[in-house]
């Protein structure tokens, strides 16, 4: 309920168009409706041209199709994450215009062109080939959120010269997402080179004492490069949302 | 070594002022000196008017004084973090102009006015009274890094109305740092209300199954509000550096 | 052995109908028989009209059918939990009157109407769609235990207004079960709003640093809302039994 | 803001006593003020005759005294938990009427008689002598919250007959709090004997593989007695609040 | 090499039947041959009529058959543990006299009657139906090692009267193996009732915070009944070997 | 209540010396009194000449003295474990006949000669010098429980020849307690050499990744020598009780 | 860029063949090009006759074939690790000269004879049959890296005489790799016998409290034999690379 | 007992100088004495001019002095590690020639000049100032073991240029020990630059999610630079022993 609506309500009461109880009834839930409106006001999907996002893991193809149908009817762009190929192909039959990003395990549906909203380029850096799916999820998300995004890959810390050779690419980015498994050291090195926000994404790549990404996660939380922030293991999507919010500040 | 210095060196060789071997000797380490310069170029302390930061834990008062003397001689502002009171008082005797922030366990020395560099206000939100030292460390750091910073405290999730009542303060911030111990739920609620970058700081406040902040850390990494990023337990300083970098983008 | 039986025994001895050794032999096992009786006396299944409960995981369809046949012969209502669909369908062939609750992975057999025993309504609140199976298990259990039960879903902490908008539903409940995965923050928020017993159920929903529900479990154990109690991960059944016991106090 | 106040406000506008902007300004914050009131409405301390509770750990004697002075001025009863003896004695000098419960590490100040609000007796059961402080914290809290409370101690599972000998005490309780360290098995045994709500409190008593209470916590979460709920390690206070809420249903 | 052989060797040298180098060659490896002999001397399989034991997990049916053929040729009894049904059936085709114990996942081959070697009866106690496979593995092992063994099942701590009712069975055992999952409390109760050796076997039965048997393991290690010893999770075989060694002391 | 007392009660009723209600009242608690007697019957301290054991950690010198006075009055031998020196000296002033075993952190009071009850010698083997206190606790306990006990020390696995050189001592023992910190490998080696019961005691000796004894504990639980059983970290007392029970079988 | 190139560049400037800006442009990237060259200079694969190594896990047969084709075209030897049989057979169809090492799960392609580069023999010691795949991976890697390698197997610590009987084999090795699961004690025993470098490889063999190799890993990190170093769980490849580097020093 | 001694023994028997029983008695313990000798043969302290090493933690000054007196009497060099200053000063009073290395927390006593035994220089690299004590322990140990050792410090991965600038120092080392806390990334970077053995030492430096060195340990175990081996947290001594063994190969 925006201020004008509230004024109208008050004046309708003053004018006698609405009785005391009627106004009271409408005001009674105002806090929550208003909070609700406020939230909707801040609901990124609607207010900011963000796509609707569906977390695909644990949903059936049928469930995903029903949600997509409802969103598509409203003209929303849609991003489905954590989707396996079988479900993706089933969904694509229902929505032929949807695009399946196999490397990112994401499906996108653009009902309208994505509006460019970011001021600079978000650079996604990944270490090994096994980290690529998480990096790809971040890239698809970044683009659906209206950012220019680039990818710098195969630049692990054990071959530090490959990273240093791309110094200018690093310095040109407005926000950096660094994706790494195993020891998770790459964000520390990148964070020591640039003075832009660095978001670290640990991946579950590894075996033995990597413990499904715990080693990389702890490494990133303990980064000796001050100012590196971290998201959950394999959470390329979350890193992209954070980077997108920063890129739009 | 900046471009002009390099030109001078080259021309001194051309002019015969320096012999081949002399130039070679100086260029020999150029890559690394240059990398060094490049790094220095990106060394936040010098380039960005950042203060020099000394991690006080594990250093003696004497060690801290020696480092401060060297920095002070260069005219640098200094921030000492993780300092206990006894050492702080000893250091203050040597540097009477230094300010001791007891709540933040930080000591600051401003040899020159801190230059305002942030575009907006960074809001630090904390839940319980025990989270205050970490919040205070973030606030001192933010201000030494040239940001406007505000503090909203005592707004835990078990009394959600107190947070909601401060909605406008939340919406006015350009970056938000949310400090919480115990279950670490506050960043999720804040992240659901605002569309600005939210940096979560778990604190070691709690007992039993809080495991020194692990519960809060895991809670924040698993935040259902997409886009929340996390720093190490009790790392108010790191959150402030990250926020400062974002605030200056 | 109730008091009357004991009196009869004593008088049979006094009357000479039983000899000293015979009485002694019967009294010898009295403690344990009596303890046994006392226990049976408190055996919820018999005394309270509770259904018999079969933990289905790890039992074959054949084993479950044999137990159900024995219970059904006694006229008991039966609740089978943690059942997968294949086994459920096999069991249903043997017991066509049984009802398969696919969402709750439970099978129920009502040989007699469930007696209403709870004084108020138990409200089950769940956060995300992935928490639904655990919530459903709680709901089926609550109803089989004779409670009125309602479900409030899709009210995660990152969209706090949706929860607040249902304030009256919250206040109307006599006991609340709050089911949440990821950071497990919902019980803290609910516990801060109501003054009724709140039982928190962490779920294994999540990935990476959720560690199969540990993050949610720790969050709930460290709830800043005093008085929240917790059950095992995914234990919707246990929460329902606890709520049922409270609802009948 | 209750309905009458709202009506008054509306009519003041209708009557012209308040202008549109003035009403708007007051309504603008209504949601939050109203939410605030609603919360205050449910603020247990005020509404329910509960004492104010101060978590003493990490607060100085001076801080505690200032809070107590403010509460005492309002006539509130006060309960300070997790207090060490030195601070307790300092606080007692300022508040001679306060009572120091050394075993419970709690201080209480009764400005007015505690109103009996519980319907039955809450029984606190503890296993070993080292569990006594946690049990004592629960007992002091229960009494300050208006419950009748009893204590059954030294009844560990390795001497099961001592527990069984107190069968009638167990059966007479309306709610049971079971405090145990080491393997934390007592709640399972108690939960199998009674049909009343059982709240389990793991304690940090033990050494080696007790891991500061983790063994007991896990034991209680995995209790084979359905319906046992659990609170944080050493959280006698939280168990008492939960029991008190149940006892008043 | 026993003393007589050594004397013979020495005298053969003295007599000139063996040269210095020949004696030296035989003495050269004496330590290790002797250590070896000593070990063989203590090799339980040969010296004590123990069966040969094959750990079936990770071995193919073919590998198991080859080992069994070699043992069978020597007339040894054979016990294969941790075998799945498919491999067991394949092996049984090659050794029709072998017996497949489906509940214990063990296969036994008795080439000669098992010699009774234990002095008393080893009692295996298990709590829930899911603990049965581990108990069965212990029982099969005990019998193959020459012990009388009995099984007491379905006596969990949440129905303590069922255990107490079997008091005489408990007191009659010479060694007790207690198998339990979930909270692992049964060994503490049993250990408090009897004065015989109690070996606790945690099982991986459970879900959520049972963490695959860690909860039960920790519970047993922290048993408040002094003198309970523990083996690895699900290690019914190891408990039986330990009990067998004790039963033969 | 022994059989004779029960007969007397019955005959007093038959004779009319006691009325029906009086007998009923006394029998009413019989189960539990009887269970109590049964338990007392099995109470090791009384029945078996065992000393009374006081766990000293967390008890004040005064508390310990009061318990000892009560036990001493009954003529019981007393063993106090986990006692620090300051408290031990205070207690010794009150009980000059008590003996303080500084290495074992135990205090013993022999009111009567310890009766030899073990059939063989229990051998305590320890690896490094830092494991000595735990070994000493086991030795003091073994002797107070009536066993012959010997100590073999400084025989870690990194100098395996020192252990092998004591082969005969190993073979002569009826039960072996093996105490080791760090990697906890000694019980595997010993368990491979002997065919007697081996009880492993992990110690908290070590640093870094020993995690306070977890490394040794896990090593022992995973021993490749079948039949090794394990007690809690640093639990020399528990190992001695278990060994004592075995030694008396 | 080697010194001569640098001299040429300088003189070209001095001679006027290159202008100031041209020289500056070439020097501008010098650090990174040079660092890059330096790295290539140290790229083991090229400089040292090492094979190229492909980590097969997570790569499709097609991806592996494409990489192998590119390497094969350059005449490089190739080692593919962590390959499952299905993919191996597919790859072998494309490269009939490749050899599939089923036990090691490795595929090798020798385009040219492996050059012997090690000075001594690297001995791989393994404990149980289940550790064989990890040992085999180490052996294949060692041989592809130009080392003489031998294997000593089935020498677990519970049968210590088998290890001691092979004393001369141990003493003859220049580097030792010790592979063990379960309690991981073998490296301590070996490290106490030899004075050569010992590299310990924990394996994930075991169950229950072996926690997928954590028990063995912790045991090895806490080895009481000073100088034992450790690699990741199941990392036979890494141990072989380390041993190879040592063997070539 | 070497071959010649054995021959002498045999011939003394042949010659009648020794009787059968006398020879038998001496041969009886031969295996173990011989094993013992073999071990002594490989006892590094004696055979290799290594110093005797005393682990100072947990030993009193008196105990250390007694061991040193015994070693000093044999003319051995002595290294005491993990010593605190108070004990060190006490020991130095008894052994004025001993040297106290405060930074390394080590005390050394050189009764004879340390013999240079290493072929190259061992380089110890450390990241932050807090890692210095561990690096210093490694350096003191290396020198007492006869190695040339150098120290490169303050070269953390967040300022990678400082490490690269010392490229030639890195390449000149024969073995490298890399000491790092926090994220433990330095060994990966160093391991990618050099082709010499790299031993990684995690330190307990850090806070929060560094978990006392676990983060660094896991990072190093998961190093993406193949061939890095790891020792226990803070184990500078162990790394130096390993490096010394390698440096002497």
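Letters A, B, C, D, E, F, G and H mark the chains in the order given here, with residues in each chain numbered from 1 onward.
Criterion: a residue touches a chain if its C-beta (ideal position, glycine included) is under 8 Å from a C-beta of that chain, and two chains touch if they have at least 3 such contacts.
For reference, the UniProt names are A, B, C, D, E, F, G, H = Nickel pincer cofactor biosynthesis protein LarB.
None of the values given here were measured: they were computed from a predicted structure.
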item	value
Interface residue overlap between copies chain C and chain E, same or different (over half shared)	different
Farthest chain relative to chain C (centres taken as mean CA coordinates)	H
Chain D and chain G, separation of their C-alpha mean positions in angstrom	59
Distance between the centres, which are taken as Cα means, of chain G and chain B, whole angstrom	41
Touching two or more other chains - residues of chain E	31-32, 35, 38-39, 159-160, 164, 167, 192-193, 208-210, 214, 217, 221-222, 232-233
Interchain contacts, given as pairs of chains that touch	A-B, A-C, A-D, A-G, A-H, B-C, B-D, B-G, B-H, C-D, C-E, C-F, D-E, D-F, E-F, E-G, E-H, F-G, F-H, G-H
Partner chain D, residues of chain B touching it in the complex	129-130, 159-162, 164-165, 167, 205, 207-210
List of chain H residues in touch with chain A within their complex	127-128, 156-160, 164, 182-185, 188-189, 191-193, 206, 208-211, 214-216, 218-225
Residues of chain D defined as touching chain B within the complex	29, 31-33, 35-36, 38-39, 55, 57-59, 202, 204, 212-214, 217, 232-235
In the complex, chain E residues that touch chain H	3, 6-7, 10-11, 13-14, 20, 23-24, 27-28, 30-32, 34-35
Residue ranges of chain B in contact with chain A within the complex	35, 38-39, 42, 44, 47-48, 53, 119-120, 164, 167, 171, 174-175, 192-197, 199, 217, 221-222, 226-233, 237-239, 241-242, 244-247, 249
